[in-house]
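For reference, the structures are reproduced in the following blocks.
What follows is chain A paired twice: with chain B in the first complex and chain C in the second.
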Partner chain A sequence: MTAALREALGTLAAMPGVRAALAATESDGLPAAAVAAVGVDTDALAAFATALFHRTRLANAAAGYGETRHLSLDAEHGRLFVAANGDLALVVLADPDASAGLLRVALQKATRAIT
Partner chain B sequence: MTRSVAPWLDAPLSDFVRQARVGMAVALEPSGRVLAQHGFTRSLDVMAVCSLVAAIHASASELGRQTNGTAFGPLHHGGAGRQVFLAPATAGSGTVLLLVVFDDRTSLGIVRHFFGLFAQALANVSEGQLDAGPVTGDFERDLGRNLAMLFGRA
Partner chain C sequence: MEAERLTSWRNDLAHDGESLSFLPLVDALRRMGRLDEARRYALQGLERHPHHPAAHDALARVMADLGNDAQARDEWDFALRLDPSHHASLRGLGFLAYKRRDLASAEQFLARALQGNPADDGVATALRRVRVELRGSEALTAPAPTPAPTAGNGATKPPRPRVSAADEARQLFATLLGDGDRTALLLDRDGLLLAGTYVDGNGREVAEEVGAHLGGLAEEATRALEHLGLGRWESLTVEAQHATVALAPSLEGSVVMVAAARDTQVGLVRRLLGQARQRATAWMGAVT
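== the complex of A and B ==
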């Protein structure tokens, strides 16, 4: 793990309400590095989050909406955020009461930092 | 369409193929005898694939034992358009090999995840269900009969 990636994941994971922050390759959905709470299946999180982002990106491109910057998903028991830089996707899993705005900004900042 | 000669493989393999969104899958014994398949249209293809998979698994396992002290786990080969994933799962006291061919409709991470569920389902199959398997002890005869059943000629 590079220092920039380690720092980016550490910063994201330390934010209030975050249960996991990981980096995964978008093409194969495998985790490259992760900081997660006990009980979070980071392999499954990486696989599903990147698949979701990949599909969304294809759908946006097909609809003529251009490049997908990030994806956020609100569910009853949690929030998911994904952003990608090349083939590397950053994924954040958070509690439902975590601040979506702050996490979104932090994720975009982290995505730029790992260039 | 998923077809099998082992009823205990029907549901796990159908679920795996549907959930992981893979194009082709073959379940076989380490000897190369086919148990179930999805996505193949010709019995000759399945026979060739099973022979190759059995050989690859035997070679990789032995290589693992010699270099690693124990057999290697799942194997993945990435190609330009298609990828293959090969992994063993335990069913009763035996082993079932699963070969999967997939493209960019899914990913290695997804395939690995649902293979885990497939292996778990096979681990829960009782010995009684496995005993109903289509094995007579005559390899050639079993292979021919299984292929005929899979392709609707039996």
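== the complex of A and C ==
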């Protein structure tokens, strides 16, 4: 794990309401690095979050919306955020009441930082 | 993982050319938008199983997604000759008939499909929609009503403008969206268009095409959340190069989608989504 990636994940994981922050390769869905609370299955999180992002990327391209930059999924028991930089996707899992605005900005900064 | 399932089905076929694994494989590829690959496997499967209705259905779905309605119709017709109660084929022919505005045929196919599987909410919703539109078109062709009574001052009351059900569906979200570069659609659980309209920069109606591509995201989101134990999904917001797209579930497995130009604030898109969702829920309730 590079220092920049370690710092980016640490910053994301320290934000209020965040349960896990990880980096995963979009092509195979495997986690490259993770900072997570006890009990979070980072393998499953990486696999499903990257699969959803990949599917979204294909749908957006087919619909003519161009490159996919950021995704957020709100669910009953949590919020999922994904952004990608090349083949590397940054994934954040947070509580349902975590601030979507703050996390969106933090994730964008983190994505730029690991370039 | 989807990739593992695809590999497993491909392996099945490599080991046993007669395997029916091509059916889920074609369906998965189709949902992923890999239509050429899906068509190739569907044709291979059909060669091996020419008397299996599901093989014809698999190819028909791919052809429908490719926009080749004529071949899709042929395949579903053939499947029905093999099995007159084949649910997926009745459903497919119903939707094709609806698409070409042959409402009477659509009603017949969808009613037969629903009779065979009353639990299919998508068919039930579509059938209600078709029947409402049929009533609307009958009203439009009915003899002119007697003149409206005159008001006390002798002036004739102006007649209320009559809007067909199809127009009402198309215009469902129009007043929410304003004049900006925004659109909203209501899609059934299969990504088929229920309401809304979407005209691209070239003046082409692309609602069905965009719906087919984006409707599948709801299914992928549901699958991810199930595995991660996060419960039901409430909304999905995607920021892309040229647009921000937001989706939310509505009644009976349907999905509301709002898309706006990239310079529209994400918060505004989410707000529009909430309003569109309310309107879709009310509309579907009224159609029931």
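The working rule: the second predicted complex is superposed on the first by the 115 of 115 C-alpha atoms of A that agree within 3 Å, B and C clash if a C-alpha of one lies under 4 Å from a C-alpha of the other, contacts with A are read in each partner's own complex, and residues count from 1 in each chain.
Note that in this section a contact is a pair of C-beta atoms (placed from the backbone, for glycine too) under 8 Å apart; a residue touches a chain by one contact, two chains touch by 3 or more.
Just so it is clear, the structure is predicted and the values come from calculations on it, not from any experiment.
S.K.: Please tell me, clash or fit, for chain B and chain C sharing chain A in the overlay.
M.R.: Partners clash after overlay.
S.K.: With the two complexes superposed on chain A, say which partner A:A24 touches: chain B (first), chain C (second), both, or neither.
M.R.: first
S.K.: Give the label of whichever partner, chain B or chain C, reaches more residues of chain A.
M.R.: C
S.K.: Considering only touches as defined above, state whether A:A63 meets chain B (first), chain C (second), both or neither.
M.R.: In the superposed model, A:A63 contacts chain C only, not chain B.
S.K.: Once the structures are superposed on A, label A:F48 by its partner contacts, choosing first (chain B), second (chain C), both or neither.
M.R.: both
S.K.: With the touch criterion stated at the top, can you tell me which chain A residues are shared between the chain B interface and the chain C interface?
M.R.: 28-29, 44, 47-48, 51
S.K.: Could you pull out which chain C residues touch chain A in their complex?
M.R.: On the chain C side, the touching residues are 1-3, 32-33, 200, 209-210, 213-214, 216-217, 220-221, 223-225, 227-243, 245, 259, 266-267.
S.K.: Would you tell me which residues of chain A are touching chain C in their complex?
M.R.: Per the touch definition, chain A meets chain C at residues 28-29, 41, 44-45, 47-49, 51-52, 55-56, 58-60, 62-78, 80, 93, 101, 104.
S.K.: Which residues of chain A touch chain B once you look at their complex with the stated criterion?
M.R.: Chain A residues touching chain B: 24, 27-31, 43-44, 46-48, 50-51, 54.
S.K.: For the complex, give me every residue of chain B touching chain A.
M.R.: Its residues touching chain A are 78, 106-110, 112-113.
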